[in-house]
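Both of the next two complexes hold chain A, though its partner changes from chain B to chain C.
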Partner chain A sequence: MSRNRELISNIGLRLDGRRALELRRIRCKLGLFSEPDGSAYIEQGLTKVLAAVYGPHQVRGNRSKAQHDCAIVNCQFSMAVFSTGERKRRPRGDRKSTEMSIHLHQALIAAIKVELYPWSQIDVYVEVLHADGGIYPACVNAATLALIDAGIPLKEYLCACTASLASNDIPMIDISHQEEIMGGPTLTVAALPMSGKVVLLEMSQRFHVDHLPKVLDKALKGCIDIKNILDEAVKNNVREIGSSTGWASST
Partner chain B sequence: MSRKIYIRLATDRVNTSVAIEGLRAYPSIYTPGQIITNQNEFMRGHGTYEDNGLLKASVAGVQEKVNNLISVRPLKSRYNGEVGDVVVGRITEVQQKRWKVNTNSRLDSILPLSSVNLPGGELRRRSVEDEHMMRNYLQEGDLISAEVKNVYSDGSLSLHTRSLKYGKLGQGIMVKVFPSLIKRSKTHFHNLPIGISLILGTNGFIWICPIINNTEESVGGFVQNLEEVVPEITRATMSRTRNCILALAQSKMMLFDTSILFAYEESKSITYQNY
Partner chain C sequence: MPLCDAEKTFVLHGVDANMRIDGREREDYRPMELETDVVSHAFGSARLRLANTDVLVAVKIEVDSPFPEKPFEGKLEFFVDCSANATPDFEGRGGENLAVELSNCLASAYRSNEALDLKKLCIMKGRKCWKLYVDILLLEVGGNLFDAVSIAVKSALYNTQIPKIKSIHVDGSQIDIQVCDDIFSCTRLDISGAPLMVTVCKIGEHCIVDPNAAEEQCSVGAVVVAVSRGCLSTVLQTGTGSFHPKTLKECLKLGFSVAQNLEDSLMETLGEIKPNQDVGFLK
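Presenting the complex of A and B:
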């Protein structure tokens, strides 16, 4: 527990100078590439993630997977070999990446209105360029932006955030890699922040169940903050495209 | 071959869009999950959904209202076909009595054998031999221009090429851009005065080729003359046009004959080198 106390100093600052409930800087950009239907890039602190969305398109490969009432969502998570401190052996396909892909898929199907696209498939590719804690939330947020860029209908924004507990009573959000390795439990939440629905909840270590409500509450607050930042970016992007195409009204 | 390679992060990219600055009158923008109205006298159109009696947007875009129907149109999406659209597509599959065509739509489009003009005139009967010969007319990978005949309930399109304008495409360049950048106009076939022809498919596929003489092609466009040598000057013009289109698409400008011609004229000041 002595190491845990260092997570937050006496004056309430964390290792990187943030306050307990402060997010890292988020910078994002939509529509980077011309080949995929939608793409996005997000930076949360030093964590950098690229996402690309193809589709909805005809089901390729195994034709029998096509569903008559909804689209199938295909997610692939990969980490660039240079993204971590030690050079990675395999960018994708290892146990951790597969798990991440499944978690991403689980979160995304909760937000995408798949029932609108029968017999189709939506591919989401996510690549981590720099891993500095909170990889999963950054991937979820990047995928959301890419889906919006591709014009795929979503119920609402899907945002994710991490939270932890310092000194056994102070909840803090958006955990960096440094704080992750120092120990302390990490709670990852993916949520639909407008309706407050939790889509995915994952915990790396244990803390007492009495702390859960307040940590979860702060994590959801973090999701709302992230949603507001993403919303601003999306609106700016739409405004920019709209003004250069002259709002191209077909009607 | 030791050249310096610069890799920039996406946030440091130069913004190439040419948004008109002075214009500040933006229409209101809706983003997924945003409430459009709480009155339930409105009908929900595309890009919206109903949740607890509230009408919410499901895509990021601008609102379009027709009487009581509210829809939100995303500024970028896959191609949504409409009857009468001119499209350029690529054959992906040859099936019994029909071809499957990739038109950048949600699902592959269908080109039935009965809606193509076979060599030998309009009133030719289609026999079993024709079904066996289908691969001789169009095979996988061939590019065609066609018109949308019908839109099915699941969103897939049925095409036809029953006009001399449409058919198999021969020598030329295909450029893929986002479908939203193509401006819908009266005609999508253009013979530009710079000596090339353009087919601006509404699905975002653009075909650039040497001038087509319609008088020669009386058989219905299944001939592909690959022996004909296109002069170098024409090829240079075609490549320049292609680059102009890509440049326009990069800065998100609408694509139509005038904008492409203007971009071409502007690009003439930049000379190219022969390698």
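Presenting the complex of A and C:
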């Protein structure tokens, strides 16, 4: 308890100077690379993630995996060995990466209109360049942008956000690495913010069940905020691509 | 994407006429973009974009104990990670062969003490030294990986800052190292001898440098030449084809002269980079 109190100061500021319900700065870019069908880069505070999407294409490798009524989504999460403070030994294949891949797959399946592409496969690869808390949300958001860049139909934006509880009663969102290691529970939510549906919910450590609705509510609010930022970025990107093809001059 | 015979013939004729598919001559490079200090939490980093080949290199430093046979020297380790972002073929363990080939080639190019003086990395003889981890991340593969990786590694080492040691306390087997408090007082590495690799690719009757992905498919073989301070530090032949000794000599000569030009322009570019420039993927 005594450690938890320091997460937020008396005047309501967090360690990095944010308010409890403030997101870190999000900057993103679509279409960085020419090789993949869709690519995106996102920065949430210091957390930096690259995502690439290949497909939809014919099922690679084991053909028997192909589904007659929907596309299969293949996700791989990997972290650059220099992404963390202490150098990592392996970029992928450890337990945490496998778990991340599974969670990412679960969230993306819910958002992609897989039924439109029978017998095909969509590959989503994410690469963490700098890990500073909230890796999973950054990966989900980057993957969403890359899927949009690849032109794959989504039901709606898929956004994720973390939330925590400070001083046992103040919910706060978008937890940084420093706040993660100081302790306190972390709730990770991936949601379809326009319809308000939750597609993935994960919690570590504990807090009282009475607090859950409150924290969940704030996390969903964070997802909506992120969605607005991503939406803005997508519109800007379309405007940029469109104007370079000269659509503005034709009207 | 595999090329068909007609496309291969087109590339081949282009090389014959000294006018390649992207308009270059046989000894021309594609445009490069180089940024340093892109990874804020590494001791040094660089990102090189050579047309659509994209390489990110970060250098991390740790304190380690030197090899018993080389008590005066620090350690240097290369690690290549083929990100699946570059191509789906690298998924899982798919990129491992390429990664090992690249890191072994780098390690042998840097093995000579002329290339990088590892004695500068010694903290205390036989007990403590700095270990440099050079981590290379391939983000996009568009041909000519060896050249791109060597340029990026050299730039990252140029950018690397090694902390200064304030004091060393020895208490029996315990060694306590105090690093200087001032984060700006660091030493830089001398990279004037760091080797640059040039891939010379044989297509038809002629040799070309900086092959793109399509040209790499047409070539029967390639020779990678690493040049450091006007000497060859590593020669590696890749691909399935075979070379006549005379052609091989020509390849080495071509690679050598191209590497020296590349070295000059790289050092000039590195000198022009100002601190606190806006860098990164958002540009």
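Quick note on the criterion: the second predicted complex is superposed on the first by the 246 of 251 C-alpha atoms of A that agree within 3 Å, B and C clash if a C-alpha of one lies under 4 Å from a C-alpha of the other, contacts with A are read in each partner's own complex, and residues count from 1 in each chain.
Everything below uses one rule, namely that a residue touches a chain if its C-beta (ideal position, glycine included) is under 8 Å from a C-beta of that chain, and two chains touch if they have at least 3 such contacts.
Being a predicted model, the structure only gives us computed values, none of them experimental.
K.L.:
Do chain B and chain C fit side by side on chain A in the superposed arrangement, or is it a clash?
P.N.:
Overlaying the two complexes on chain A (C-alpha atoms) leaves chain C and chain B clashing.
K.L.:
Looking at A:G246 after the superposition, I want to know if it touches chain B, chain C, both of them or none. Which is it: first, second, both, neither?
P.N.:
The answer is first: A:G246 touches chain B but not chain C.
K.L.:
Counting only touches as set out at the top, which of chain B and chain C does A:Y136 meet: first, second, both, neither?
P.N.:
Touch status of A:Y136: no partner.
K.L.:
For A:R87, decide between first (touching chain B), second (touching chain C), both and neither.
P.N.:
Touch status of A:R87: second partner only.
K.L.:
If you stack the two complexes on chain A, which partner ends up touching A:K29: first (chain B), second (chain C), both, or neither?
P.N.:
Both partners, chain B and chain C.
K.L.:
Which holds for A:I152: it touches chain B only (first), chain C only (second), both, or neither?
P.N.:
First partner only, chain B.
K.L.:
Going by the contact rule set out at the top, does A:Y41 touch chain B (first), chain C (second), both, or neither?
P.N.:
Touch partners of A:Y41: chain B and chain C.
K.L.:
According to the stated criteria, A:S78 is in contact with first (chain B), second (chain C), both, or neither; which is it?
P.N.:
A:S78 sits against chain C, while chain B stays out of touch.
K.L.:
In the overlay, answer first, second, both or neither for which of chain B and chain C A:L50 touches.
P.N.:
both
K.L.:
Looking at chain A, does chain B or chain C touch a larger number of its residues?
P.N.:
B
K.L.:
Once the two complexes are overlaid on A, one stretch of chain B runs into chain C. Is it 45-53, 63-71 or 225-233?
P.N.:
None of the options clash except 225-233.
K.L.:
Counting contacts the way the document defines them, which residues of chain A are shared by the two interfaces, the one with chain B and the one with chain C?
P.N.:
27, 29, 32, 34-35, 41, 43, 48, 50
K.L.:
Mind listing the chain A positions that touch chain C in their complex?
P.N.:
Residue positions touching the partner: 27-29, 32-36, 39, 41, 43, 46, 48, 50-52, 54, 60, 74, 76, 78, 80-82, 85, 87, 91, 123, 125-127, 129-130.
K.L.:
Residue numbers of chain A touching chain B in their complex, please.
P.N.:
27, 29, 31-32, 34-35, 37-38, 41, 43, 48, 50, 55-58, 113, 117-120, 148-157, 192, 194-195, 231, 234-235, 237-251
K.L.:
Mind pulling up the chain C residues that touch chain A in the complex?
P.N.:
Contact set of chain C toward chain A: 39-42, 45, 52, 54, 56, 58, 60, 62, 79, 81, 83-88, 91-92, 133, 135, 137, 139-142, 281-282.
K.L.:
List the residues on chain B that touch chain A in their complex, please.
P.N.:
Touch residues, chain B against chain A: 9-11, 13, 15, 17-20, 23, 26-27, 29, 31-33, 47, 49, 51, 56, 58-62, 64, 66, 74-78, 102, 106-108, 154-155, 176-178, 180-181, 183-184, 249-254.
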